[in-house]
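Look for chain A in each of the two complexes below; its partner is chain B in the first and chain C in the second.
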Partner chain A sequence: MSTVSPLLFLILIPLVAAVLVMLGGKSRTISLLASALNLILLLVLATKFRASEAGFQFVSSFPVVPQLGINFILGADGLSFVMLFLSTAVTLAAVAVARPPVENDRWFYISLLMISAGVIGAFASVDVFLFYMFHELALIPTFLLIGIWGSGDRQAAAWKATIYLATGSFVLLLGLIGLYLLQPLGDRSFDLRHIIQLAETGLIPDNPIVYLLLLFGFGTLVSLFPFHTWAPQAYASAPAPAAMLHAGVLKKFGLYGLIRICAPVFPESIQALLPLLLVLIVGNILYVGYVTIAQRKLDTMLGYSSVMHMGYIFLGFAALNVVSLTGASLMLLSHGLTVALLFALCGEIRERTGTLEFSELGGIARATPRLGLAFGFAAMASVGLPGFIGFASELMVFFGAFVGEPTQMRAQTQAVAEVFRFNSIQIVTICAVWGIVISAIYMLRAYRKIFMGPLPERWSRLPDLAGLPRVAVVLLIGVMLFFGFFPQLLVNLVTPALLQP
Partner chain B sequence: MSTQIAPWIILFSPLVAAVLIFLIGRFSKTLSAGLAILSAATGCFLSWWLFRQTEVAPQLALEWLNFGPELTITIGITLDHLSKVMLLVVTTISTLVFIYSTGYMRDEEGYTRFFAGLSLFLFSMLGIVLADNFVMMFIFWELVGVSSYILIGHYYSKDSAADAGKQAFIVNRIGDFGFMLGILLLWSATGTVAFSGLLSAIPGFQGAPVYLTVACVLVFMGTVGKSAQMPLHVWLPNSMEGPTPVSSLLHAATMVAAGVYMLARIFPILEVVPDAREIIAWVGGITCFGAALMATQQNDIKRILAYSTISQLGYMVLGIGVAPTSSEAMFHLFTHACFKCLLFLAAGSVMIAMHHETDMWHMGGLRKKTPVTMICFIAGMLALSGCPFTSGYFSKDLIIEWAVVKTPFLGWLAAAAAGLTAFYIFREFFVVFFGKARSEHAEHAHEQPVSMLVPMLILAVPALFAGLPMIQEQFFTLSHPDANAVPHLLHPFLYAMFFGGAGLATLLYFKAEKDPVSIPLFANRLYIDDVYFWFVNKIQGGGSIALSWADRWVVDLVIVQVPSKLTWACGFALRFLQIGSIQAYAFFFGVGVVGLLYILLSK
Partner chain C sequence: MIDPVFLEVSVVVLGIFLLMAEAFGLTKEKSTLAWWAIGGLAAVFIGTFFIGPNSNSFEVSGFYVVDGLSLFFKRFVLISTILVLVMSVDYLPIVQRLVPAERPGAGSGEFFILPVFTCAGLMWMVSATDFIMIFCALELVTISFYIQVAYLRRSMSSLEAGTKYLILGALSTGFLVYGITWFFGATGQTNLVTIREVLPLVPVANHPAILFGLALVLVALGFKIAAAPFQFWVPDVYQGAPTPVTAYLAVASKAAGFLVLIRVLEPFFTVPSFQNKLFLALVLLALLTLIFGNLAAIPQTNFKRLLGYSSIAHAGYLLMGLAAIGDTFAGGAVVFYLSGYLLMTFLAFLILVPVTKASGGDDIAHFNGLARRSPGLALAMLIAAASLAGVPFTVGFFGKFFIFEAAMNQGLYLLVLVGIVTVASGFYYYFKVIRAMYWQPAPEDAGPVAITKTSSVAIFLLAMLILVLGVYPQLLIGILP
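And then the complex of A and B:
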């Protein structure tokens, strides 16, 4: 195809901005303008997007290594569109709340812009190889942000994250190569459409080993239990915009990959290895959930809570039916927005008080009512309160997972289950529903410890949320509420992408 | 005005008010209160209008989620007799409480926040009342939870208030856990969450009674949380930390009534699962007796009423469990809403007179200082204690009659609880209004402004008379058990309970300077709160700290160390294979690649 996909501009704008910053432009202004422009461009594209059509739109393709079937293919369907929206929205919010460091602020913003370009590229890629490369492109500046501009034991956290994520990426690469080799000789390609088409016609064997490589590769990137210990530490050390971009957007790459690639290609393996995945999901939700309760610091608590919430998305993936997969996809968006907001506010608190220990904080809603209100919204969104998009997606995951029988919804019959027995995925769903209690416990406790109670003298003159960060926070809350009231808009967008051949 | 539009206006006007107050309320206190009262009054007016309409047009529904026939969730309206009556109760009580609040909160902080919260609360409750499907009910159920969190924690700078709000939310969520599972079970069997669809699917359950029973009991867990049944009742007395109008609203018309209303809504389903109703009856019966025991030894004027609410909710739940229709429980909900709201408003009036003192042993002799309040309190008290011919007498006795017929043990337990009820409320009455003033504040107490007294006086009327047959017939079609089936001893026993309880309280407390009775078991709420405290701190807290430690030092270590040790071991083993020739390496490399390919391609 000769036309250039408009999606290319989404990737180029942050890259060009990064170059301008490097050449000495005003770093904060340029970054803000670029990310705002990107969001506007995406919204313009959204009006041109034909939601009812399955398949990728805005497609353009340039050969890279045609011998190996690697092409630079850009395109978006409903699911990738949602992810692109998440990427651009969170980028703008992250840049808006960023507090430029005293030294090297230029490189700080360049790193942010590179992450943005990387994630947008990954979600706009139709070619699996490019998809992988863009993700790596986004990872490197993340490590830099943590290691250089982080707080606390930042070096150790950055190293740990690097080791885990590099190993995960390596396993993932093996899996992708395996996926390539599974294809019939002479007809191999990294084009996702091609791969899915082959899988549809049964030309790709449903190989459990490749599935496992992909599961653990993608899984480690998403902090699948027990490969999650890097996450809380990394998020605790990362500067707020880095935590927002990684936990909110970049981390979703793994789940996006699972939904995109594994669900259509390896349904039988997923089914056969379901018990393993279910055990890990329980680890993610219950085990990590209780670990979250024990945290005594806001940043590690948020880190663990974001690990816990990944369990729901994995559950939606594991159940493999339209409702659960839609729920999982929506949760990519809802969790991304929520956790970005939480990390933004966490950064605002750290900026003001210099500490995030629950024992040292308390009562600051009286000094900073807007911050308190915003955190209240964020906490409620995070515990899945109706009205926020998180509730709708959680509900879809629960409903989808509870029917228990993958691939298609159970045919409804009037004769109810002759024998009353839960199958394994239903039991895991029950554990997941218990998760709503766990998340209420830790979130409300955090809110109680930080914002409620008597206001100590030393916090009585904290400045309230204001300026650009305030605008960003209001926008994030607005988006979560809007889609919480009208989730069907997203369902209409995402479902064709999940059903497409 | 059509019957299609009116319910939507009733439902959404409080939300509009809440949003407006949130956005522009800070400019004017009067504006915030005015918006809230206007929305509630609109709802009240339309509810009475709707109640008088006999013809109801088919209701509209908005699509919220749609996955085709297997899963469609709407936001729709049910308008039947049940919801119409409930609308009356909710909107009328709310309007009165909103008006009262303008007086009560006049000097309090967070005035606008308070009215925004009240409006949100009303919106959430109305959503439950009007819901036409389980998911919509769950949505508003959760919203009630969050609005109560906001309102109970209104004085959030106070540790106790902040803790109480949090506890209410979390305990309610435990109930919601069961509620959600129940909804999932029902849906996965029938493919629908709509009440009407579920009803028509009931015959399909004939081969699987256990399934339906389990589902219903799980759904009932939602009631146990929201309507504060044992053992999830602990949040409700602590919710007294909120401003008194909140307590009044929460305990009378909104929130706690939601659980009973939900049971009434699904009553046709419960009817076919006697086992589930048996469980419901026992939970209700034990709660009504246990909470009454705890109420006898409390010293905080609001806490006594709180335990009383739990106990009265126990009666309603018992009524669902034993009565042939849901009307009997709803009738008690209706009368209770009037008299309990009244009692709370009176208690609030006393508190304001006492400068927020709530320990009743610091009061005394208020009958001369606050006569109107006392008269209102008496009206509520008589109704609550089941004084003959007041509203509570009719509604409570009806439930006890049915309980005695169906499950005699529970019936007599509930009858005994009636005696306790009379005892604890007369105890409170005498200690607060009689005897000598026992503190400085009690000496200088004064009566409250009209905005507070008028709602109380209005409520006193239904509290006393709403039970009279000519009035109850307007709202309910009640069924009475066969006169021969009811033991002849029951009614004399109930009279004896009322006069005995009231008489004993008069003897002990008429001029008491301090409590002549001390029963630590009751005063300490049967130690249930302490068990929870121990569990949350030691078991859950300790367990999660242990897990957290393990996560930091064990999981991490295993994941990182095992592969690195393995690599090292492999390296060590491979040294034996180092034979120093390029060909050998190439050979092993080739074996590796072939092996990998074999694994990948074999199938």
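And then the complex of A and C:
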């Protein structure tokens, strides 16, 4: 195909903006303009998108390494569109709330723009190799962002995150090579459409080892339970915009990959190794959940809570039916928006008070009512209050997982251990519902400790939310509420992508 | 059409001409010699595109071959030498300070001329298919390196490096010659092409003798390519030698060593009874080299020493590619990796030279705050470090990817797993440089790092090539032999 996909411009705009900033343009203005332009471009494309049609649209292809079947294929279906929307919206919000650092603000914005280009490229790629490569574009900018402009023990956090992410991504690379080598000789490709087509005709053997490589590779990037320790530390230390982009968007890459690649190709292995995954999910939700309650600082608490919520999405993936997968996909969006909002507000609080210790904060809603209101919205959205998109997605995950009705994607033959006539997925679902209680505990407690109670004298003159950060916060809340009331729009968009990948 | 052997001859003539020019004082400015050498080598490089078929007498005697592989590596060696000379011009003040001289500048001319002779030796080496020829070419290379490594006569570390290189180099030469005699004893041949024909006919009783010879040759070549456990000279020599010479050793000498290794091993891979043992030896070598190179690099604080260990580590990935040689793309993957290695290693060394001059040392700490002092240079170093570590969108990533792909295809799962762990440690030690440049504050009095025009052009070109090949590797794959 010779036509150029309009999606290419989505990737190029941040890159060009980064180059302009490097050459000496006004960093903040250019970054803001570029990310706003990107969001507008995406919305324009969304109007051209034919939601009823299955398969990828806006496809363009360009060979990179033809011998190995690596092509630069861009394209988007409903699911990728949702993710692209998340990426561009959060990028705009992140750039808007960013405070230019005292020195070297240029690299700061370049790093943000590079991460943005990376995630957009990843979600717009149809070729799994390019999908992988684009994700790695964020590696060095993250290292720099946390290491230079972070707070607290930033150096250790940056090292840890970088080593974890690099190792995880090389494990993932092995998994992708394995996926490539599983294909019949002479007909190998990294094209996702080709892979799924082969899998449907049974030409790709369902290899549990390759699945495990992919699971742990993606899992490390998403902070799956035993490999999660990099995440809270990194998010707590990262400057707010970096945490927003990383926790909100970049981390979704792994789950997106699992839903996109593993679910259609390795259904039997997922079934066979379900007990392992379920144990890890319980670890993610309950263990990390209780750890979250124990936190005494807002930033680490948010870091852990973002790890914990990944457990729900994993549950949606593990249940492997259309309802639960749709719920998981919606949750990618809802969690991305919520956590971005929370980190943005967390950054705002840090900016004003210089501390995030619960013991030192208190009552600041009196001085900053808008900030308090916004945080209240975000906390509720994070818990999953009806009216927010998080509610719809959690509900679908739980229903899908609990009912667990076999679909064409699900293998029929399975021996699942039963306790009290609940099978293992149902038990885990019950644990996950308990997880909501846990998140309500820590979120409400954080809200009480920071915003309620008597206002100490030293916080009485805090400025309220204003200017661009306010616009960004309103934008994020607005999107969450809008899709919270009309989740069907998203369901209609996502489900065809899952049914007919 | 030029006769192929004319290439080497003209390089040697160029070297002799430069020696004469220096001796008779044709030019006062020593760096002019370097420009002449660069010009001459560039002409030879262009000449490589216009060579005719090998002449008949050479074809029959079979000690000198011209095929796609040797041509590719001749160009590789020529480019390396040109880059080394560019670097040397930048490095000249340090040489003149550390070489005792009666008049200012005396004794530094040979610093530009010796690489030309080394270049001729390397070019012969990549065309050699006879053990005698391999040996002679190797000696030309090694002996000229002895002098270059110990060139800075006032620097104790350079002298120490020279002595170490001399003693261990002589030892490895001994191994090589002894190995060759065993081959000759068992097969009656020194020519690799004939050995290949004779090998299946050798009675089984003689196989241990051949294996013994093969082991000795492997030791000698392992020394050249810096594979563990023959790597002990590397850190000290790399740290002590003048920086351009270190770069030359790290890239060109290693690449030629790999090519000779491929040529020597090739006949033995065709015979099943040798194949398994050889394969096992390669896997073991690769494992040891990967683990040693990467883990020992972690605590290093000197940048040149770090690059020394990193060069061992890269030898490990290349050996992994050799062990997977049964795969159709493995040979291409090794050559691709070597080419990428040339780009990124030279880039790192090209940046190291001006930084050393400006900050007075080659520790990683001397890079502190480089991003504030010279953002462009720091960005280039960032690209080099990312590529050495294997971050996507750089040529280094594709190199590793192709090697891993070939190794997985051949079922070398253990090697690949170890490779993953070592890649992770690689991220740590390469990112230490990035940390120094971007996280750490610059010293109080530090201004921008001064850099010559030629060096900055070379740095720019190399950095761009790394990125372009990292996005579109087909450009290089298309011209692989």
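Keep this in mind: the second predicted complex is superposed on the first by the 484 of 501 C-alpha atoms of A that agree within 3 Å, B and C clash if a C-alpha of one lies under 4 Å from a C-alpha of the other, contacts with A are read in each partner's own complex, and residues count from 1 in each chain.
Convention: a residue touches a chain if its C-beta (ideal position, glycine included) is under 8 Å from a C-beta of that chain, and two chains touch if they have at least 3 such contacts.
Being a predicted model, the structure only gives us computed values, none of them experimental.
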{"item": "First, second, both or neither for A:181, with chain B first and chain C second", "value": "both"}
{"item": "Which superposed partner A:433 touches (first chain B, second chain C, both, neither)", "value": "first"}
{"item": "Partner chain(s) touched by A:395 [first = chain B, second = chain C, both, neither]", "value": "first"}
{"item": "Chain B versus chain C as contact partner of A:59, first or second or both or neither", "value": "neither"}
{"item": "Touched partner set for A:46, first chain B, second chain C, both or neither", "value": "neither"}
{"item": "First, second, both or neither for A:68, with chain B first and chain C second", "value": "second"}
{"item": "Touched partner set for A:147, first chain B, second chain C, both or neither", "value": "second"}
{"item": "First (chain B), second (chain C), both or neither touched by A:294", "value": "first"}
{"item": "Touched partner set for A:133, first chain B, second chain C, both or neither", "value": "second"}
{"item": "Broader residue contact with chain A after superposition on the shared chain, chain B or chain C", "value": "B"}
{"item": "Those residues of chain A which chain B touches in one complex and chain C touches in the other", "value": "163, 178, 181"}
{"item": "Contact footprint of chain C on chain A as seen in their complex", "value": "63-68, 103-104, 107, 132-134, 136-137, 139-140, 143-144, 147-148, 155, 159, 162-163, 166-167, 170-171, 173-174, 177-178, 180-181"}
{"item": "Interface residues, chain C side, partner chain A - complex", "value": "329, 371-372, 382, 386, 389-393, 397-398, 401-402, 404-405, 408-409, 416, 420-421, 423-424, 427-428, 431, 434-435, 438-439, 471-474, 477"}
{"item": "Residues of chain A that touch chain B when the two form their complex", "value": "163, 178, 181-182, 205-207, 209-210, 226-227, 229, 287-288, 290-295, 322-323, 326, 363, 365-366, 380, 385-387, 391-392, 395-396, 398-399, 402-404, 409-410, 412-418, 420, 429-430, 433-434, 436-437, 440-441, 444-445, 447-448, 451-455, 487-488, 491, 495"}
{"item": "Chain B to chain A touching residues, read off their complex", "value": "63-67, 69-71, 135, 138-140, 142-143, 146, 149, 153, 156-159, 162-163, 166, 169-170, 173-174, 176-177, 180-181, 184, 187-191, 201, 203-205, 207-208, 210-212, 214, 540-541, 543-545, 547-548, 551-552, 555-556, 558-560, 597, 599-601, 603"}
